[in-house]
Amino acid sequence: MITTSEMTETDLSIFESLESEVRSYCRSFPTVFEKAKGYKLWDTQGTEYIDFFSGAGALNYGHNDPVMKKTLIDYLSGDGIVHSLDMATTAKEQFLKRFKEVILEPRNLDYKVMFPGPTGTNTVESALKLARKVTGRNTVISFTRAFHGMTLGSLSVTGNAFKRKGAGIPLSHTVSMPYDNYDDNVDSLTLLERYLEDEGSGIDLPAAIILETVQGEGGINVASSEWLKQVEQICRRWDILLIVDDVQAGCGRTGTFFSFEPAGIRPDLVCLSKSLSGFGVPFAVTLIRPDLDQWAPGEHNGTFRGHNLAFLAATEALRFWETDTFAQEIQRKGKKTRSSLEQMIGKHPDLNGEVRGRGLMLGIAFSGKGFAEKVCAEAFQRGLIMETSGPDGEVAKLLPPLIIDHEGLEKGLAILEESITETKKAL
Amino acid sequence: MITTSEMTETDLSIFESLESEVRSYCRSFPTVFEKAKGYKLWDTQGTEYIDFFSGAGALNYGHNDPVMKKTLIDYLSGDGIVHSLDMATTAKEQFLKRFKEVILEPRNLDYKVMFPGPTGTNTVESALKLARKVTGRNTVISFTRAFHGMTLGSLSVTGNAFKRKGAGIPLSHTVSMPYDNYDDNVDSLTLLERYLEDEGSGIDLPAAIILETVQGEGGINVASSEWLKQVEQICRRWDILLIVDDVQAGCGRTGTFFSFEPAGIRPDLVCLSKSLSGFGVPFAVTLIRPDLDQWAPGEHNGTFRGHNLAFLAATEALRFWETDTFAQEIQRKGKKTRSSLEQMIGKHPDLNGEVRGRGLMLGIAFSGKGFAEKVCAEAFQRGLIMETSGPDGEVAKLLPPLIIDHEGLEKGLAILEESITETKKAL
Amino acid sequence: MITTSEMTETDLSIFESLESEVRSYCRSFPTVFEKAKGYKLWDTQGTEYIDFFSGAGALNYGHNDPVMKKTLIDYLSGDGIVHSLDMATTAKEQFLKRFKEVILEPRNLDYKVMFPGPTGTNTVESALKLARKVTGRNTVISFTRAFHGMTLGSLSVTGNAFKRKGAGIPLSHTVSMPYDNYDDNVDSLTLLERYLEDEGSGIDLPAAIILETVQGEGGINVASSEWLKQVEQICRRWDILLIVDDVQAGCGRTGTFFSFEPAGIRPDLVCLSKSLSGFGVPFAVTLIRPDLDQWAPGEHNGTFRGHNLAFLAATEALRFWETDTFAQEIQRKGKKTRSSLEQMIGKHPDLNGEVRGRGLMLGIAFSGKGFAEKVCAEAFQRGLIMETSGPDGEVAKLLPPLIIDHEGLEKGLAILEESITETKKAL
Amino acid sequence: MITTSEMTETDLSIFESLESEVRSYCRSFPTVFEKAKGYKLWDTQGTEYIDFFSGAGALNYGHNDPVMKKTLIDYLSGDGIVHSLDMATTAKEQFLKRFKEVILEPRNLDYKVMFPGPTGTNTVESALKLARKVTGRNTVISFTRAFHGMTLGSLSVTGNAFKRKGAGIPLSHTVSMPYDNYDDNVDSLTLLERYLEDEGSGIDLPAAIILETVQGEGGINVASSEWLKQVEQICRRWDILLIVDDVQAGCGRTGTFFSFEPAGIRPDLVCLSKSLSGFGVPFAVTLIRPDLDQWAPGEHNGTFRGHNLAFLAATEALRFWETDTFAQEIQRKGKKTRSSLEQMIGKHPDLNGEVRGRGLMLGIAFSGKGFAEKVCAEAFQRGLIMETSGPDGEVAKLLPPLIIDHEGLEKGLAILEESITETKKAL
């Protein structure tokens, strides 16, 4: 455990004086990080932290994967081209070929690959634009507690009131519908379909429905396969495009490369980013059903669509997906972790804890106001990095690197349990 | 010169079959790039190209600057933390300190630094959001031929009709006014001020005015210092925020670090990206007048705000700005290049060429439809990378790396001259 | 019954050649009307019609009420001022005084009276504007199948897809929620409240909720008193303004002057028009909770706010409300009519008819596609004017004048029954 | 002149306590009007006023025209149908026939007639809807200082900032361009055309341009015939619909029935209301180029589209247009009045008065803040009703009834002159 005296030695003054007030995680984790490897981080004072956060899902393969690292160093050493806009490069060529071989073909998926700019919000904005352009319709349906990004288009399909206010203008052309299990009294898809078939519903026929199969920022809410299939059927019936935002839930986080694989659905557009590069460098793609690829050349562009370090690392990351082993490992670890969490909350029935999630995208929802936040603060004091999610920060979220070993997982879970106990004592 | 037979050997099939139709530059430069150094690129067949494009302004310091490269390799080798969201890291700390010392303090500028996500459109969206939030107003005034990005908010202040149509929905909350010298019959700022002071103008008092001091994508249109000063005065008089989008014109491109320095204006918000990282990796900051930094923690966020490779390279890039030498060199090269361009078009008065630009952000506008595009195609055949800009692609644009040497500049200009002559012959 | 040969003698050519294609009722009732009195109309050929339509609810007191008529003739004869903008006139003074004495005071209602222009859409637009202005919020919640008017603001809170498309632009700043009994699987107010209390719902806190207590155009859908009370409580809890659009359901149509009286609610804003003038001349008022009357002078205006013929007739119409007798009569006739309708559909169980409504705002919903329309066409052939409503025109709507006598009601109902029987035969 | 003691006897308390704060003209003219005939009004105390306001242009034929009055009384006495939605009636038939014979045919105009609801804002909204629907475009271009109405669509094309704020939401889908002579430094149509032909202007190709040929509320600004012709040419060149809002300037106010006749243009859509009924009762039509009449039946509707008293009076009003005499009379009176106004301001060069207008739509703009308002207040004290217009109320507006006789005009002008002199003295 880090003592208070050590903490105070960390000098955060440059951040406090020069960086914008918008900074947030550095407030929850008030230290200066320096090194990282696998599932561990170290700050400038040499304190070690176990990572149950994984860069909000951007580090599924852990920090500084040695194979990727070597590839990047070799490439840099050989003066490989680093920035190339959307020109053809060997690094991009390899990524495209490997992505097709390792990801698309084995899953019988036929998509065109768009590089929309290197972040999650870039891919979401590109998908929304294309869906509206192709259908000639304006409205996009999103779901309660959705999180899709911070630029104007993505923010319009994001549920969080606090984030929405940041727009400074009314957010338009969207309709928010209840997510799976949002409310016991509402059968969300019955209502949606009712709206669509009723010429008097006031809901204009949408261009697209956009969803996360597991809502990360929204509080680790899991949509059932049945619900996802019904959404897909509604889309087919009404000729609505289905966009799966797999930015956080994709790249193996829930146990399969795409989070929608278990549901057996086939989205029209898929958004990938975060862990796609495998190394934590900015990267995103939009996957497009071929007949929908109606972009004119250059109709959407961006300076950092050709980030070759990302192409390289992402290509290396695909090695994890050549066989089923990695997916099975994630699922095994997921079950194990889930079971540990169930045990933990079983010991504290008064906390009304609820375990949520799928694969290694997990969380405990606590009913006590501010409880989850305190648990995470206690965990940090003990060397574990975890964050909250949900509209009121009511969920302690676990996103350990998928490559975490037995020891790391156990150690992290032990700290979490201790943190819950300590937080409860302090009530 | 690359022969046609060589060209056909390049296999672009994977890009054609798998990458979205939205790809564009790879159509103008149909080869596969592999390596790059300084102002040169090489494709897989070993053909060498001189770079007069610089990644659309993202490579002002050339490709693979050796000092930055060494820093990155060392950092990677030592398992420095690569991805850190908005947590404090040593790499970020150094960037903040150096940026303050080398850039802000010597220019007497007092700004808070926001990391809004790593691309140009992220910084523009963050500036628009903050301006609207702080003022409580909706409208933002932009200018004809402006280019600010492809996500919904940035696209709303972008002039290009083709790009705007990509949104699929009407773009709102913005007013487009004539840029400096847009039309000989319109005194653009007189009209703007008339609108503002007239309670019956139908133009709502705006939150902000956003502008580029030199419009890159819009056709290398240069705003005079006098015009910029007047815009600033209008902003002050009406309590409107002034946002300078220095994504393309900044980082030395026009001869000073910020493009607005010669005009002596002091924007309330500044958007930087493209060459900010120095190495072509995604990076952006939004500079905020301290009293406007009214963000709540986390009100705007994003996964790739903490891209430490970018912090490192960006910190190294600041070495160019420790003295005035680099700026003077850019200005000297700019004058020299401009003079060469003037000579070139002087030899072909029938082409009605017009040299435009400032510093090393230059272009020749040709009146003949498609002429500039053909010149760039000829240049590529001769080993020079150049692109067009302007609403009809009527401008052959020159953005050589600022670090280009005498030989490279001369060689590139010679190819350009030859390309113009050849294109004219083929008319 | 009118024979076909007679019908063909009616010359509608001037309407067909000169009037816009937008005309509609003249297609359902293809004759030229000339005179009207009480519950009867006559066309140019002297054919008599019983009116079960009452000008879509604008003629609750029947055609050409003799007292109002005399007042108007006397006023005109005496050169009373007819058009006065929003200047003070004796006619307006009398209306204000009487409206206060006869309507507001006995019901313990304290409202400021706004004259927003003489039509339903004028009053709705004024209420929406004021609600947004006073609260500083943008969103207004309306309900499925709502009908509030055809101008842009009112159309945005109208559910009908066909009407909405007429706008030619996306309709914004509104959220459509399920009306009472919209769907058996959805507890509409539970969902609404869930949305409001959830900071992640994606539904921005609204300025107002607008509703009709009985939806006329939407298909004679009746909200229960319990539901209305709950809506009011939600409004109070969240500081949302409650707007009751009583344009069609008000002025006694449902059995009390205001349709919301039985529910015991107290809307913040009330919209009245249609039968308010009593004589079928254009007139509307917006009733405003006094502390919300934050208009600046002239902030909303309009040429026909001072239609003195309407003030006069409306003042006379208030005589019906001096005692409870008229309300009791409406309720008695309503019950009687409802019972007749129940009997009618009881005879044809295969038609799946459903009686709907409250007071003398009644309808029969038929499940057969186009059945209700055919019934109304048969009724017209037999001398009864009735129209359909509902998103698919599935409801045969009964809006007889409230002053209709026993004979008229019986005669109309007999024709309706005959029309149902005939329509069924022709299936 | 009314003495102060008399004034105080007028009891306005019911208006002050019960009517909304939005009331405005009753504040400028604080008395209770009772009777009116021709160009005269009388209040309850018998004070006589000369009307130079004509109900903001709704009483071009004066108050209580005896022929119209008799027609209305006879119709009412005979129980003619008063309210008929959009059903065919004899009154409507006569109006359509006569409008075609007297107005459309002699002017070689071929329009379909739409009854969009009885007010100016109804006709404007219908024209905007149809233009957007037919073209499939969103943007409508309006002009600085335009006034088109108070409902959301009309307000979006209205220039006045104070009125716009009343919307409570941002007004969208419109672009405001400089009106003719808006600013000496701006050639407004050159700029407009520049915007349209420039693919980078940021102005989306509009559905329509809407304009008033003389802006009434905007300050009696007159567009030249040359300018109107150029606007029409621009519309033809770019396939943009031209909407002339002739609500205030039409029906003879400027010297011809349609205000656009002298310019020789042929709008695609024309909005008429105000004086159309001739008697001050609510009435409006939208004239539609036949091939644009693409409404589906009922796609736009409204309760008071069939206001038969308006049809009757409007038909009678057409008698004024059977020969050229009335138009010539208006023009003669207009010239005479203008000349008187020129003389008046000639006597007070220090007031910087500027005479504006066309026909009998005239005004004097005064540069002194609040001067025009004081002049009108003085005039009222002397028995003359006049109002101000312009964004700062800087114009004393003259809209005498077109039927005013020599004596009335002279008397009114004498009071105006006296009022100017008195106001100046009090400075």
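Note that the chains are named A, B, C and D in the order they appear, and that numbering of residues resets to 1 at the start of each chain.
Following the convention adopted for this analysis, a contact is a pair of C-beta atoms (placed from the backbone, for glycine too) under 8 Å apart; a residue touches a chain by one contact, two chains touch by 3 or more.
As the structure is a computational prediction, the values presented were derived from the model and not from experiment.
Asker: Does A-C or A-D have more contacting C-beta pairs?
Answerer: The comparison resolves to A-C.
Asker: Need the CA-centroid distance for the pair chain A / chain C, whole Å please.
Answerer: Going by mean C-alpha positions, chain A sits 50 Å from chain C.
Asker: Which integer distance in Å separates the CA centroid of chain A from that of chain B?
Answerer: 30
Asker: Between chain A and chain D, what is the separation of their C-alpha centroids in Å?
Answerer: Centres of chain A and chain D (C-alpha means) sit 58 Å apart.
Asker: So which stretches of chain B touch two or more other chains?
Answerer: Residues 138, 162, 169-170, 172-173.
Asker: Chain contact topology under the given definition, line, ring, star, complete or other?
Answerer: Shape = complete; every chain linked to every other.
Asker: Provide the residue numbers of chain C that touch chain B in the complex, in ascending order.
Answerer: 169-170
Asker: Show me the residue ranges of chain C that touch chain D in the complex, using the header's touch definition.
Answerer: Per the touch definition, chain C meets chain D at residues 12, 14-15, 18-27, 29-37, 41, 44, 55-59, 63-64, 69, 72-73, 76-90, 92-93, 96-97, 100, 112-115, 117-122, 125-126, 128-133, 136, 138, 149-154, 156, 162-163, 165-169, 172-173, 207, 247, 273-274, 279-282, 286, 288, 293-304, 307, 309.
Asker: Could you list, by residue number, the parts of chain A that touch chain C in their complex?
Answerer: These residues of chain A touch chain C: 138-139, 142-146, 157-162, 164, 170-176, 178, 182-183, 185-187, 190-191, 194-195, 198-205, 218-219, 390-392.
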